[in-house]
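Common to both upcoming complexes is chain A, partnered first by chain B, then by chain C.
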Partner chain A sequence: MSDVRLETDIAVIGGGLVGAAIAYGLAREGRAVRVLDEGDVALRASRANFALVWVQSKGLGMPEYAAWTRASAAAWPALAAALREDTGIDVGLSQPGGFTLALSEAEMQRRMEMTRLLHNQPDMVKYDYEILDHAQTSKRLPAIGRDVVGSIYCPLDGHVNSLRLFRCLHQAIKRYGVGYHPNCAVETITPIAQGFALEGSFGELRAGKLVLAAGLDNARLAPMVDLEAPVVPSKGQIIVTEKVAPFLTYPMHTLRQTDEGGVMIGDSQEDHGFDTAVTTAVISVMAQRAVRMFPLLAKLNVVRTWSALRVMSPDGFPIYAQSRIHPGAFLATCHSGVTLAANHALTLAPAIARGGLPRGTSSFTSERFHVPTLA
Partner chain B sequence: MKTIAAIEAFADRYDLAIVGAGPAGLAAASLAVAHGVDVVVLDENASPGGQIYRAVTSTPMTRREILGEDYWRGVELVQEFSGSASSYAPSTTVWNVARGLDGDSLGRDFEIGVSLRGKARLLRAKEVILATGAQERPFPIPGWTLPGVMTAGAAQIALKSSGLVPDGHLVLAGTGPLLYLVAAQLIEAGASIRALLDTTPRANWMSALTATPGFLASPYLAKGLALLRMVHRRLDVVGGITALRAEGQKRLNRVAFERAGRRTELDCDLLLLHQGIVPSINLSNAIGCAHDWDDVQLAFRPQVDAWFASTVQGVAIAGDSAGIAGGESAAARGRIAALGAAFRLERIGAGQRDRDAAPLRAELALLARGRRFLDVFHRPAKAFRVPSDDATLVCRCEEVSAKTIRETVMLGACGPNQMKAFTRCGMGPCQGRLCGLTVTEMITDARAVSPAEVGYYRLRPPVKPVTLAEIAALPQTADAEKAVAR
Partner chain C sequence: MFRRLPEATGAPIPFTFDGREMVGRRGDTVAAALLAAGISVCRTMAVSGAPRGPYCMMGVCFDCLVTIDGAANRQGCLVLLVEGMRIKTQAGAPQAQAEEGAT
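Our next item is the complex of A and B:
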């Protein structure tokens, strides 16, 4: 696409997991969609996600988020089936339940307390979880080390092959005729009579509706349509080992074996601005904890380390909003693009196609950041 | 020379860390030490010499004519280094070189992750010279992953370090000076070679001669001609090969090739492939040095200045890893890089640095004459760089085919890093060494843009294997603990 003027029903800015899932949902509703994306080198949180479809531990401080997450996990089998039908690709969804392992009594107490607080919230969605000691944990996870003092198990948790999901979503949108345009960074958005004019070095694209799914770049783009996305980078580092025979069917929130055999170790969180350097000290702590959890990992070679930037809102919860001043301009931003992919494709996108946001998402607008805290 | 045999024997900190003990690294170390620089040479091989002078002090191939006079030139470099006060860590892998971040305890020092006998450690150095040399260009033909197919370079390593002469019937195929050198060495060593299939495009003769009339005065000419004559006299050399295919069920049985539109088959037990060498850039890429596309050598090479300093301050890159120029140039480049480092470390002044560099630069200029002829003449054909056969594997580690790569470009993966996320290519243990250039060139071809625009994989540590246990035993900080155990 170069220096041409194009038109479409709906433009999605961002071709990562969030943008691609929304584009997929919109295309399934029969809308003409174009996705504008940056090039080969961009921040791209999608390249470093941990591939969890994760429910436990989410929503402390916002029970609506716990419900939204739970609903997405429940909708995931439908998404996986739809994708398989559209592309023939199995994204490897597995939802056997997941564990959070504790390596000290203090950690265990902290996890238990957080879980108690989470579930004691008014209007909290109800779901099961179990608190297990070492012996109970090792019955289900025989490979754990002596240092594991206990765990929290939630039967709703799972994981997918996230790179396959990424490819699969792109293959699916292509099949529905969605135009995907890499190397088309959007510089300006101008509200016009019948929608929006998007401009960049690629030329101009006019769209009736607009979805901002540009990750950290949403912070820059949102004000152009009177929306607000106060998102900042949160650095996460990941270790990937060589492939080994399957030993772990359950995902942990910091460790999982992929369906290809490699073991992913992750979930560090640092605020270092836009720096994405891998740092040995953090990688070392992650490696040490992983080996204490599963001693058999010690001898595995590390194939890759990686770091990327999560898209973090002030309270850590997603933002979904439609511009009041420029209706038709939508914003979607979160740091759980895999877990929420099912909701984004099957719930959010159909609502956007109809011109609104789904029921039960009114608390996700950025207006929540301006409500004065009551004493 | 002080040999380091255990991880505990390293000092915490050095003035200069040199990665690689080939001609560039050895020459750089000897010269830097002579100027009072505290040097450690880190090398993954068991003995000094690098690829070109591999095992030059320990090879069982002691009949000098087998490996040739150029090889034995390495003895002098090794002897000079052995007599120096440099620290030398053989069998040591460097899996990371990282610059200190603003405000952390490293200051301006580099942190170097090394591993020796199953134990890892972080060293510090003020300056780093990467002398990681070259690697063979990927040669993705149908069947190149079959057992019985290997690179000519790998066969040469076996010959030099263990005196291993391959059994059975051999075929060599490809282009480049090293292919003919290995052929000559294998002939001398008594291997049974059925043929050498030369894939050098016929048109290269003309373009090379027009590009570099100066080649007639080059030192490479006489040497090259003697080698060619020897190989042609003793081998069946078949030129003008336009297609190659390694065939066999579980392992290689034969090689099929096309010449002037005719297909021929040759039974063989071992096929040695080679189409030139390219700079080994994994470490410089992971450090964040800027790289340029070299359209003659068809490879990325790091940007370096007159002192072989890269775009990352404190990191110099010498030898073939800064662009292919050969073993003799590598030593001169190493010495120039060492002078640059000694100057930055304030061991010598600018006057001495420039004076000492002058004869080295003259030597480099002499060695560069005719080099361009070799580059243009041995430029491998597109058919052997951008596989047209759909089933040919591009990424061996993750088994990604040429078809998948092409389809994924159509899906919108516009560069190698998106390609990685879409297909997993380049994500295996080889860290893209065997597919990186192929993937860049395939995307270039499909998108009709330049390789410079397409770019290369962004690599991350570890650039060499290291175990989780080794990493787990490294020093940690309270901040790091807080970032993980929340």
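Our next item is the complex of A and C:
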């Protein structure tokens, strides 16, 4: 794709989990779609995702986010089934419920208080959760250490194999005839009479509609179509161990055993700009906490550590918006591309195909960051 | 499959592989000693169970995993052979086990 002019119904900028899920949903609606992606040097948040399909603890400060998250977890089996039908790949979805473990009374109290506040919000979606002490936790998680004072269990939580999910989404969009164009960074977007002209070193692409799913680069691209995406990087570090025989059926908030046997540990959130270096201090604290949670981890070899950048909005919630001045230009950004993949493919994309945003998402526009100007 | 170079020297180092007595040379890694002894399969994969043997010889491919003196999943190409080592086939994924009294 070099110096040629291409046309398509809908262009999706960004081929990570968010862009690929939306492109998949649009293609299933029968739309002609092209995905413009960066190359291997992209700051791809999909590399560092923790593969949780996670409900508990989400939405304090925005009950609509709790409802959106819960709906996506509920839609996940349908997404997994659709992907299996389209590609033959099983993404390893497992939703046995998940735990947040506390390693001190203070941490337990803090987590209980957060949970109470979350569920006491007006218009909060209702779902079950349990507060468990050490003995009750240990009945379901026999491998926990004595330092675990208690846990919060939510039966809606789960996880997938996110590497397979990523591959599977790309295979699925290819099967639907979506044009996938790597190494095609978009430099400028110009609104034109019948849509948008996207330009870069690749040439030009004209699209009737446009979806910005470019992660951190949305901050640069959004103003070109009069949208706003004030997202900043938030570093997450991850440890993965050698593969061992299954010992952990349930995912934890910060620790899970993958369906292939490796244990992933990810317990960090830092705001260090665009620095993706792995730091020993953070990694050691993560490892120590993990070993206190599950002492049998102490003897395992670590095979990899890495870090990547989450895409964080000012309040941590997703942004979904359509440009008022340039209708047809949509924005989607979040830091839970796995959990929300089902909603992105099965709810958001069909609405975009019809020309709007889904019901229940009006709170997610970036106008929420300008309360005084709205008043 | 492999032959030692004619100029290769080094004192003989006895070890066992799955209980069989073998002899390597001083300076061998575990993976090199196994290949020189004609062993081409030293593990089965944790996910598929497929057989694997030493490949990259530089710590990258993880196909030379073996159990050495009871420690599972050691990379044979990164461990120097020591006299009397008890090396075993790494069969699938090992069990994670806690230290005594840790839970």
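Assume the second predicted complex is superposed on the first by the 372 of 375 C-alpha atoms of A that agree within 3 Å, B and C clash if a C-alpha of one lies under 4 Å from a C-alpha of the other, contacts with A are read in each partner's own complex, and residues count from 1 in each chain.
Quick note on the criterion: a residue touches a chain if its C-beta (ideal position, glycine included) is under 8 Å from a C-beta of that chain, and two chains touch if they have at least 3 such contacts.
These numbers come from a predicted model, not from an experiment.
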{"item": "Clash or fit, chain B versus chain C on superposed chain A", "value": "clash"}
{"item": "First, second, both or neither for A:Gly261, with chain B first and chain C second", "value": "second"}
{"item": "First, second, both or neither for A:Asp315, with chain B first and chain C second", "value": "neither"}
{"item": "Touched partner set for A:Asp133, first chain B, second chain C, both or neither", "value": "neither"}
{"item": "Dominant toucher of chain A (residue count), chain B or chain C", "value": "B"}
{"item": "Touching partner for A:Gly145 - first (chain B), second (chain C), both, neither", "value": "second"}
{"item": "Partner chain in contact with A:Glu242 - chain B first, chain C second, else both or neither", "value": "both"}
{"item": "Partner chain in contact with A:Leu296 - chain B first, chain C second, else both or neither", "value": "second"}
{"item": "Chain B versus chain C as contact partner of A:Glu187, first or second or both or neither", "value": "neither"}
{"item": "Chain B versus chain C as contact partner of A:Glu105, first or second or both or neither", "value": "neither"}
{"item": "Single chain B stretch clashing with chain C - from 19-27, 109-117 or 181-189", "value": "181-189"}
{"item": "Touching both chain C and chain B, counted on chain A across the two superposed complexes", "value": "242, 260, 297-301, 303"}
{"item": "Sites on chain B touched by chain A in the complex", "value": "96, 98, 101, 111, 113, 122, 408, 411-418, 420-424, 427-429, 431, 454-455, 458, 460-462, 465-469, 471-477, 479-481, 483-486"}
{"item": "Footprint of chain A on chain C - complex, ascending", "value": "46-47, 62, 73, 92-99, 102-103"}
{"item": "In the complex with chain C, residue positions of chain A that touch it", "value": "143-146, 242-245, 247, 260-261, 263, 295-301, 303"}
{"item": "For the chain A and chain B complex, residues of the former touching the latter", "value": "15, 37, 39-41, 44, 46-47, 103, 107, 163, 166-167, 170-171, 174, 180-183, 239-242, 254, 260, 265, 267-270, 275, 277-291, 297-307"}
